[in-house]
Amino acid sequence: MNTLLAKKKEPIDKLAAASAGGRSLGAEALRRMLRSPVAITGGVITLLFLLLAIFAPLLAPKDPQIRYLQDQVELGKGVIPGPSPGFPLGVDDFGRDFLSRLIVGAQQTLLVGVLATVIGVLIGVLIGGIAGAFGGWVDTVLMRLVDVLLSFPSLLLAISIAALFAKPSQWTVILAVSIIGVPIFARLLRGSMLAQREADHVLAATSLGVKRGTIVFRHMLPNSLGPVIVQATLTLATAILEAAALSFLGLGDPDPTRAEWGLMLGNASRQFLDIRPELAYYPAIAIIVVALGFTLLGESLREALDPKNRR
Amino acid sequence: MLRFLVRRVLQAIPTLLILSILVFAWLRSLPGGPAAALLGDKATPEKIASLNHVLGLDQPIILQYFKFLGRAVTGDFGNSLVSAQPVMGEIGTFLPATIELGLSAMIIAIVLGVPFGYLAARYRGGVPDNIIIVLTLVGVAVPVFFLGYTMQDLLAAPLGLPSQGRQAPGIDATSITNFAILDGIMTSEWDAVWDAIKHLILPAFALATIPLAVITRITRASVLDVFNEDFLRTANSKGLTQSVIRRRHVLRNALLPVVTTIGLQTGALLGGAVLTERVFNFRGLGFLLAEGIERRDYPRLQALLLFGALVYVLVNMLVDISYGIIDPRVRVR
Amino acid sequence: MQQLRLTRTRRAALIGLAGVLAVSLTACAESKRDEAGGGGTGGTMVFGDTGNPKMFDPVFNDDGETFRITRQMLDTLIQNKQGTAELEPSLATKWESSNDGKTWTFTLKQGVKFSDGTDFNADAVCYNFNRWYNMKGAAAQSQMIYYGDVFEGFANNEGDAGGDPVYKNCEAKDPSTAVINLNKAKGAFPAAFTLPSFAMQSPTAMKQHDADKVTQSGDSFTYSDYAYKFVTGTGPFKFDSWDQGKGEITLVRNDSSYAPAKLDKLVFKVIPDENARKQALKAGDIQGYDFPAPADYGLLRNEGEQVLIRPSFNVLYLGINQSGNPKLKDVRVRQALAYGINREQFVKSKLAEGSEVATEFVPKAISGYTDDVTKYPYDPAKAKQLLAEAGASNLTLKFYYPTEVTRPYMPNPADTFTSISEDLKNIGITIQPVAEPWNGGYKDDVQKFGKQDLHLLGWTGDYNDAGNFVGTFFGREKKEFGFNNPELFNALAAADASPAGDAHAKAYQGVNKQIMDYLPAIPIAYPTPAIVVGPKIKGVVASPLTDERFNNVTIG
């Protein structure tokens, strides 16, 4: 028996069980969510962030790469110009418009978070799907591996992996962070498939002589989508935070021309907290709010899907 | 119990072995290598190559691995490239600081988290509940290193707390175990104890935020679960007073998930410690790891990663045992 | 640690006895007060180090963190005058070379003793030189970086990188006259005798503690106890203790020195995080640290700390690898890069006060520097035009830069990269950035394999000799720059062999002109790293060579 592992598995398994009910329950969950203020707050934050990220190039008032006020930056004297006409939040240490960089940073941050999550989902779903579909020793071996991954502290795992890459880049961060999601999604998908094995719609299909592959792809996988989305929302929040931690440790994407919140926060909190703390505060607030948004949304989605809460 | 322990340790060995191969192979495949880290700024590529040869790093990797394994089973992980000290010795020296910090953070998280969680559950849907919930959510969302820097900048001076290090310079403390507080108590050096506590406060609170938030939420959830359970209704109908019910049933039953959460968070603390110790210059294992990463100190990274895995196995075991103690139904199987 | 425990026991004993023997207690307390007042002005300075020292035998070391500590304990034959790169007597009161530069005669200071009580004399000098020359074992030899640079080979070369030894032998003519015979003359002398690696150590102590023993431990080495805790010299301080857990190295005044320090105690505390160093200084936990971030100067000064700017002895350059992109072989392309980088703006906005735009590859303080070189002021239009002429308007370049490192010549590599790459983008060059960890492959890829088109590197001078800069960079064909220019190589060899003095300086001035016309790389800046000390600290003189000796430091 392994209590800790069991505890880590518990919420995942619970979520997986939800998919047994089929799609109609998803709709019901959605209706329930619309009545919850928590869910709405999370949803609104998430939606705003998504819009900001997607339309960032259009929304940014200035080109985030142009060093407009570089001539006025004098680090040696501790001078980074603050807000001035045209630069409502001032400029960064290269004289680039900080507001525009924050806005464009939303896109980069979302990109890192989403890619890390998606890669985690893909690998996890692949492993979990294979395990769930085949069962037997394949299942045993794969799940043992997943357990090992799952039992490691996620941040430590990400740090180790990122530290082991030869050339730090955006991709090493994304990969390191995505590893965190792999065991979770693997277990989730496997659980979801197991739960459905006994579900009515699958039993019906089987008795009608539908092929196993067809059942898996046409019936089981689509039903697993709900829990996967819920978990992905939660993982996104973690992904954004862990990417920021890696940036701070110097393991992140080193390209300083790229505007990314974690990078901006890491740089500024190391260097400029005394002379222009806003350079750290703004990205920090942005990260906190967005992580909060995803968590709120994810948690309320999960609660809504929890069969225990159904009346 | 003993058989259970032995089995768990035996089970962990293959995991550790596989991990050692992975870590080793990966580190060896990296460019650069120990010689580059060992020599300073002025070393030319020729000199680095020469040193690599001396170190046997141009031998086949399989051979290198078995040499490494041969030494590792005797507890010899070689010397650090940064400090020229045996890495095992370093771990021994730096571990107490991390335990001290981790334990303090955990105590803060439990001492505040359990009552907060209980409070929130009792006034479910009320103002305290909502405030606590929002705080826990924000707590999880704040990057730990940023919190650390902010505390240093905004809190240290007004509260009169030290913002970095483990000991003030004027304190002349005797080191016996390297646990600053314990040493101070053992030698009755109360100034050293007080100094050590002051140095712990800010980093421990920074490190405690996430476990505190999680423990609060878990406590709330499990207390709510227990409130809903049948036996409580029975107790109620038996006419037991509210306070007796709370004490005897609710907290005890609600504690189980909290214990596992504490175990889970211990793992997360290791990750957080890397960031916190770095920011607060708190010389523990996380500090050692951060420095090892920065300087590419391969022997140290190897040892630390394996050591981390070992600790995790141990923590898992401890939780299993304490679970068994709290809930006799879950006897270790 | 030993020392600390002792004081503690004493204090505990005192408390225990307090009730019984109040009289003896007062006596003891008084004696303690006397201790603090005796000798110089006393007191303790704690200095924040950026990294761990490996151990304290300087001959096996090549990093600044170790030298910062060893130079407080060990003296060299010749030293740099405080705050400059000019030579002045130290253990040798006089030095002269034969006309062919192969014989160096040192007249030694008399009555000097090592801290173990043994005499410093010509025999001790010869013992030290012979020790280096006769060093056994590939492990030991391969770590003697500076010895290898200056003396090139050992009596018996065991590593792969040994050459013909420059050192021949040493004669102790009389106790105060040591003569070093060389196989060939080198421009590095006599300045190289100031290198901290070549400090004089006690023969008795080295023999007693088996100082030459270096054994492999895994991927690293274990040194003898001598290197960890018995380093013995003639300097103002002597070794006391090294607490690994606290990261503290404690030195105490060496009362048997010919010039003891004024402080009672000097503690080096390792604090790798720059922000934590700043916090520690503000809190008074330390009284100084090295390499404060330029952005903090103003703040530190406002709080009364003294930010001491070192005269620049560094150069930061943008390396060009001509065996990379073939277009880089065209001098017009290299000139275009030089014209296209706004170095003035970079220096002004990103570097500390006192830093200047580099016009050549040696800083101003070096003899051989000349203002009479071709200069490349910022002129993007001209840069574009040159690129067009060279048919390189659509140039794509792989630009390597290091991560996880700061160097005195490059406080922030990522910032430097950004400034330069954005400038180059503005003149129409496409940049492919490649970031690599300093110890995780950057140096290998750039210097050994030459994978880059452009890269960032620099150099901190070891002693006042232009050859230490330009000779190291361009003295032979190297993967880093990927060019073969025999004319330049010969000119550098000739300059190195030229006799010290005016002729030497002239020769290097010519070479510097030649280099700036050929433009094998682009000098960017002469940064000025700083050292910061607390308001009450007196007697720290910022040295261009980071050669700060704390013997005269007092706390006022």
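A, B and C label the chains in the order they appear, each numbered from 1.
Heads up, the rule we're going with is that a contact is a pair of C-beta atoms (placed from the backbone, for glycine too) under 8 Å apart; a residue touches a chain by one contact, two chains touch by 3 or more.
What you are looking at is a predicted structure, and each value in this text was computed from that prediction instead of being measured.
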Comparison of A-C and A-B by number of C-beta pairs in contact, larger one: A-B
Central chain (distance from its CA mean to the mean of all protein CA atoms): B
Cα-centroid distance, subunit B relative to subunit C, in whole angstrom: 38
Inter-chain centre distance, subunit A versus subunit C - centres from mean C-alpha coordinates, in Å: 46
Interchain centroid distance [CA atoms averaged], subunit A/subunit B, Å: 24
Residues of subunit C touching at least two other chains: 275, 404, 436-437, 440-441
In subunit A, residues with contacts to at least two other chains: 166, 250, 270, 273-274
Sequence positions of subunit B contacting 2 or more other chains: 30-32, 149, 278, 290, 293-294
Interfacial residue positions of subunit C with respect to subunit A in the complex: 274-275, 278, 293-299, 345, 348-353, 355, 401, 403-404, 414-415, 417-419, 421-422, 433-437, 440-441
Of all residues in subunit C, those that touch subunit B in their complex: 1, 4-5, 7-8, 11-12, 44, 46, 51-52, 54-55, 61-64, 138-139, 142-143, 145-146, 148-149, 159-161, 216-223, 228, 243-247, 267, 271-273, 275-276, 279-280, 282-286, 404, 407, 436-437, 439-445, 447-448, 460, 462, 479
Residues of subunit B that touch subunit A when the two form their complex: 15, 26-27, 30-32, 137-138, 140-146, 149-150, 153, 257, 260-261, 263-264, 267-272, 274-275, 278, 289-290, 293-294, 301, 305, 308-309, 312, 315-316, 319-320, 323, 330, 332-333
Touching residues on subunit B, where the partner in the complex is subunit C: 30-34, 36-51, 53-57, 68, 71, 76-87, 89-90, 93-94, 97, 149, 152, 156, 162-169, 172-175, 178, 187-189, 278-281, 283, 290-291, 293-296, 298-299
Residue ranges of subunit A touching subunit B (in the complex, touch as defined): 1-8, 148, 151-156, 158-160, 163-164, 166, 237, 241, 244-245, 248-251, 262, 265-266, 269-270, 273-274, 277, 280, 284, 287-289, 291-292, 295-296
